[in-house]
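Chain IDs A, B, C, D, E and F follow the sequence of writing; residue 1 opens each chain.
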Amino acid sequence: MNRVKTGVPGLDKLIEGGFPEASSILFVGPPGCGKSTLSQQFIAEGLKSDQPGLYITLDISPQEVLSTMGNFGWKTKTERLKFIDAYSWRVGKTTGENVLTNLGNINDLNIAITEAMKKLNSSKVKRNVFDSLSTLLLYADPSLVVKFIPVIIAKAKNEGFVQILILEEGVHDQKTVNTLNYVTDGVIEFKMEEDKRFLRVVRMKATKQKGEWTRFDITNKGIRM
Amino acid sequence: MNRVKTGVPGLDKLIEGGFPEASSILFVGPPGCGKSTLSQQFIAEGLKSDQPGLYITLDISPQEVLSTMGNFGWKTKTERLKFIDAYSWRVGKTTGENVLTNLGNINDLNIAITEAMKKLNSSKVKRNVFDSLSTLLLYADPSLVVKFIPVIIAKAKNEGFVQILILEEGVHDQKTVNTLNYVTDGVIEFKMEEDKRFLRVVRMKATKQKGEWTRFDITNKGIRM
Amino acid sequence: MNRVKTGVPGLDKLIEGGFPEASSILFVGPPGCGKSTLSQQFIAEGLKSDQPGLYITLDISPQEVLSTMGNFGWKTKTERLKFIDAYSWRVGKTTGENVLTNLGNINDLNIAITEAMKKLNSSKVKRNVFDSLSTLLLYADPSLVVKFIPVIIAKAKNEGFVQILILEEGVHDQKTVNTLNYVTDGVIEFKMEEDKRFLRVVRMKATKQKGEWTRFDITNKGIRM
Amino acid sequence: MNRVKTGVPGLDKLIEGGFPEASSILFVGPPGCGKSTLSQQFIAEGLKSDQPGLYITLDISPQEVLSTMGNFGWKTKTERLKFIDAYSWRVGKTTGENVLTNLGNINDLNIAITEAMKKLNSSKVKRNVFDSLSTLLLYADPSLVVKFIPVIIAKAKNEGFVQILILEEGVHDQKTVNTLNYVTDGVIEFKMEEDKRFLRVVRMKATKQKGEWTRFDITNKGIRM
Amino acid sequence: MNRVKTGVPGLDKLIEGGFPEASSILFVGPPGCGKSTLSQQFIAEGLKSDQPGLYITLDISPQEVLSTMGNFGWKTKTERLKFIDAYSWRVGKTTGENVLTNLGNINDLNIAITEAMKKLNSSKVKRNVFDSLSTLLLYADPSLVVKFIPVIIAKAKNEGFVQILILEEGVHDQKTVNTLNYVTDGVIEFKMEEDKRFLRVVRMKATKQKGEWTRFDITNKGIRM
Amino acid sequence: MNRVKTGVPGLDKLIEGGFPEASSILFVGPPGCGKSTLSQQFIAEGLKSDQPGLYITLDISPQEVLSTMGNFGWKTKTERLKFIDAYSWRVGKTTGENVLTNLGNINDLNIAITEAMKKLNSSKVKRNVFDSLSTLLLYADPSLVVKFIPVIIAKAKNEGFVQILILEEGVHDQKTVNTLNYVTDGVIEFKMEEDKRFLRVVRMKATKQKGEWTRFDITNKGIRM
């Protein structure tokens, strides 16, 4: 099975070279633990070799994502990087390409993702990030969201995307978490102890797991482990 | 009572030669533990001697099932193997023989299973797999699903099928699990410890149980224990 | 108070000669522990001396009940044994004497039981089995079932029936179990440890209880303890 | 405060001579522990000195209550003893003085109790038993029942009745039990250990409590402690 | 901050001289622990110096409150003491000054309290007791009651009343209790161990807390500690 | 990242100079622990250098806030300090600038906050306090409130406000608390042990955390630590 580099060589080593192709990986952890940073680094890694990237942002604006990525020194000025802006409606901005007017209607999001995936046509590996499922679960009916995610996963797989799905810890009921666990191809957990950050690969399709916590740092050039 | 070989000789030994005829067996375990692999091996075992097989797939496409089975070296090019495709609607495919248009309507699934079972007419033992109940419970009303499963079990028994029903662990409430336990003829639990896999026979109709965890491996020729 | 022999002399000894006349006894335990076998033996014991028996079957067909009883060597070819068939609707059979068309309507079941009890007119002790309440609780509204059971118990008492009600363990909420406990005249619990079977008399009207687990076996002639 | 003898001298000693006048006492315990027996003995004690008694029976017929009381040798043939029959509707009897047609309508029960209390006019202490609240909670909406009980308690106090209210243990949620606790004037708990019976006075208005379990026996002349 | 004497000098010492002016204090404890007695003593203390008192009674009649207070030797024959009678509707009395016709309509209660507070016009400190919130929570929708209490507290503060709110322990869910905790200015818990009574000041606005259990007794002249 | 002084130098030291600019910080703790005092000190700190302040008050009147701040010696007579009065409707005051007529309609609150933020136009840092979310969660639908808070946070960030959100402990379900945790930029917990007060920085955006409890005192000049 082909592997897709995560952008963090230390993590690639843990999982036999990278995420499995066409897989959807769940990131679970508390706020501020590095889930979004790793996701942005994963997108930046692809952009280096002209692999398209799609960032579905629900918690901060695309401008803030770009600014954060720029601060790490990652190239973001490229046609290959697209956003779905599911944040700016909060401050009243509801027009523009890929700007959602609200988060209550999963159908609009479905259409936006489907169309954006089609536009990012490429023979290369494609990458996308959903940041975060927790906010979607906050604004849309959770029983619909858990039915929607497997559909998005199937579409991503069908279109050749490797996908990261971000989930906050402690916010959702255990069944929702377990359901998202079994419908994805892999799960990475994050934790913090004081200022130290750790991740572990709980499960990864077609990959031997160790399940051990591994320390990583967020430097001014991104995550190092 | 006649026994139906599971395809794994080591497992047959544990349960007096195989699954009881016309029985429905529940497989319970976490994602990635080998439930689907054992189910596919069970279907392949039947195909060796021209026993019809019906694979009801909700989590991956029939093509992926066939590809996985082919990778293990199992013969799948036969009229004896039929699929009910309850997956492809996710990526927009909703036509074709035995392709369901969605999973919310249990009635459609009921009709598809009933008709497919009738078409697989044979004097031999017949086998079917439901992979997975968890996804049906995700998309359809669980209170209807627990009423539907005993009906499917009764039909399978009536038509001479030995049936495997797959259930993800930790996703459903305990009462649903216990109900599915008592309406089936047997329960096999799976677990993983690091990269090691184990199963145990919790209960099996007309069979002395040990209830001990037994290790097994997934080799490139399938499950060995 | 008159006692009605259970068919298992070892059990009769534990409870001062048998079940109290006109009593309703709850059997609680996991699947495969012998609840149905003891119930069928109880019916067979009555048939020996021409006591009428009514078997309300929801989990297997009357034919399977008869076949199982025949395998134990018990006489079943008699006008004295009647069935209410609340199983065969699952495989599409909904006509015939005492065949219910579904289980969602408690009223139909109520009428069928009331009429069957009247037809089994006799000056002798009468016996009936409800196998199982769990399946009724699965298909009908539990809040209606717990109101229905005391009515059936009152009718059985009024008509001179000794009645066994079978309940699966772990499937129902504790309040439902406790309610069925207090509305019956006695409770017998079953358990399995590996292949060994045990029962204990938790409570029995007008009977001194020990409450100790007693081992029993299922032989080819039925239960021995 | 005047005291009303319970009929069990050993219990009277524990509570400064008997129940406080115009009080409502809650009996809580498992099935078969002696709650009804003590209640009937309490009624019989009153009848000895021509104190009117009202027995509201929901779990067995008035005939069975009379028969049980007769077996203990207690006088029951008197105009002073009235029943409200909230049981016989189960076997289809719904006419007659003080026979309720069902238990779903609390209003009917309210009217029946109010009228029966008025008819039992007397300058003497009056006694009544409600056997059991649990069955009322089973058939009527519990949120209405907990509002109805304080009304019945107020009426009993107003009419000069000392009242026993019987509640099964483990059947109701803790808030219902705690609510019935605080709206009554006293609580007596019952328990069984093997064949031995115990009660303790948890709380009693205007009475010093010990709160210790005291053993009692049910002899052929009733309860002795 | 001015202090209002509680009527129990021992308690005043614990809380820097008495309850803070214009504060609302929550009393929490099991039935029979002395909550109402302390509340009545608090009202009686005010009446000694012609401070108006308002007793909102939901659990017993105003006559019983007066009788109990009289038994302790407290003066109650005064225009300064008013009742809102939210009890007598239970025995059918629904007319008269400040008699509520039921407890389901919080609006009626709101109006009655607002008007009674206005009538008790005085330049002195004013006192009122709400006995008990538990009964209001029983008859009215709890989600409305928790919204109503802060309104009553604001009105009492605005009108210069020091207010005691009584709550039974174990009857309400923890969130309701915690909500009533944070919307009041202080909380006193009560407990009983056998016949000994204890209270502790859990929290009191503008007051240093010790949080220790302090024993008190109910004598024939009221509470002493 | 620019820092905004909290008004408590000891706290500023813990968090690298103050709250991050344009951040929203959650204060969580029991009643009476100092959450409001710290919030008022934070507003007063800004007023010293003419930074606008917006105090959204739901639990006490603006007059009481001003009076409390005055008692600490803080300057409050300035056009720079605005209130949204979401308290006074309780005592019937529903007119005036920024006076809400009730708390059930989040839309009204949203408009009031949006307009007040616009009026406090300034090139300086702006500060606002929401005291308390708990009372909003009490009066408005919690599932709407958790969707509303991220919108208010986005608006505050967009308008350049540093915002404190106050939450009572133990009153809300854990998921609501966890959701408010992940949608804010930082969390400070408060606790009391007897009369000693402590706080700890659980999480703060762009700030190294220690997570240790630090003692503080409320003096007559405000909080000192």
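What we mean here is this: a residue touches a chain if its C-beta (ideal position, glycine included) is under 8 Å from a C-beta of that chain, and two chains touch if they have at least 3 such contacts.
The structure displayed is predicted, hence computed values, not measured ones.
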Task = Using the touch definition from the top, list the chains contacting both chain D and chain E.
result = none
Inquiry  = Going by the touch criterion stated earlier, list every chain that contacts chain C and also contacts chain F.
reply    = none
Ask   = Interface overlap for chain B and chain C, more than half of numbers shared or less than half: same or different?
value = different
Task = Go ahead and align chain B to its copy chain D using Cα positions, then give the rotation in degrees, nearest 5.
result = 120
Ask   = Based on the averaged CA atom positions, which chain is farthest from chain D?
value = A
Rounded Å distance between chain B and chain F, as computed from the means of their C-alpha atoms = 56
Message = Taking the mean of the CA coordinates per chain, how far is chain C from chain D in Å?
response = 32
Inquiry  = Rounded to a whole Å, what is the gap between the Cα centroids of chain B and chain E?
reply    = 65
Request  = For chain E, jot down the residues that touch at least 2 other chains.
outcome  = none
Query = Classify the inter-chain contact topology: is it line, ring, star, complete, or other?
reply = ring
Ask   = Going round the ring from chain B and on to chain C first, in what order do the chains come?
value = B, C, D, E, F, A
Task = Give every residue of chain E touching chain D within the complex, in rising order.
result = 30-32, 59, 87, 90-91, 134-135, 138-139, 168-173, 194-195
Request  = Using the touch definition up top, name the residues of chain F that touch chain A in the complex.
outcome  = 146-147, 150-151, 154-155, 158, 174-175, 178-179, 181-183, 203, 205, 208-211
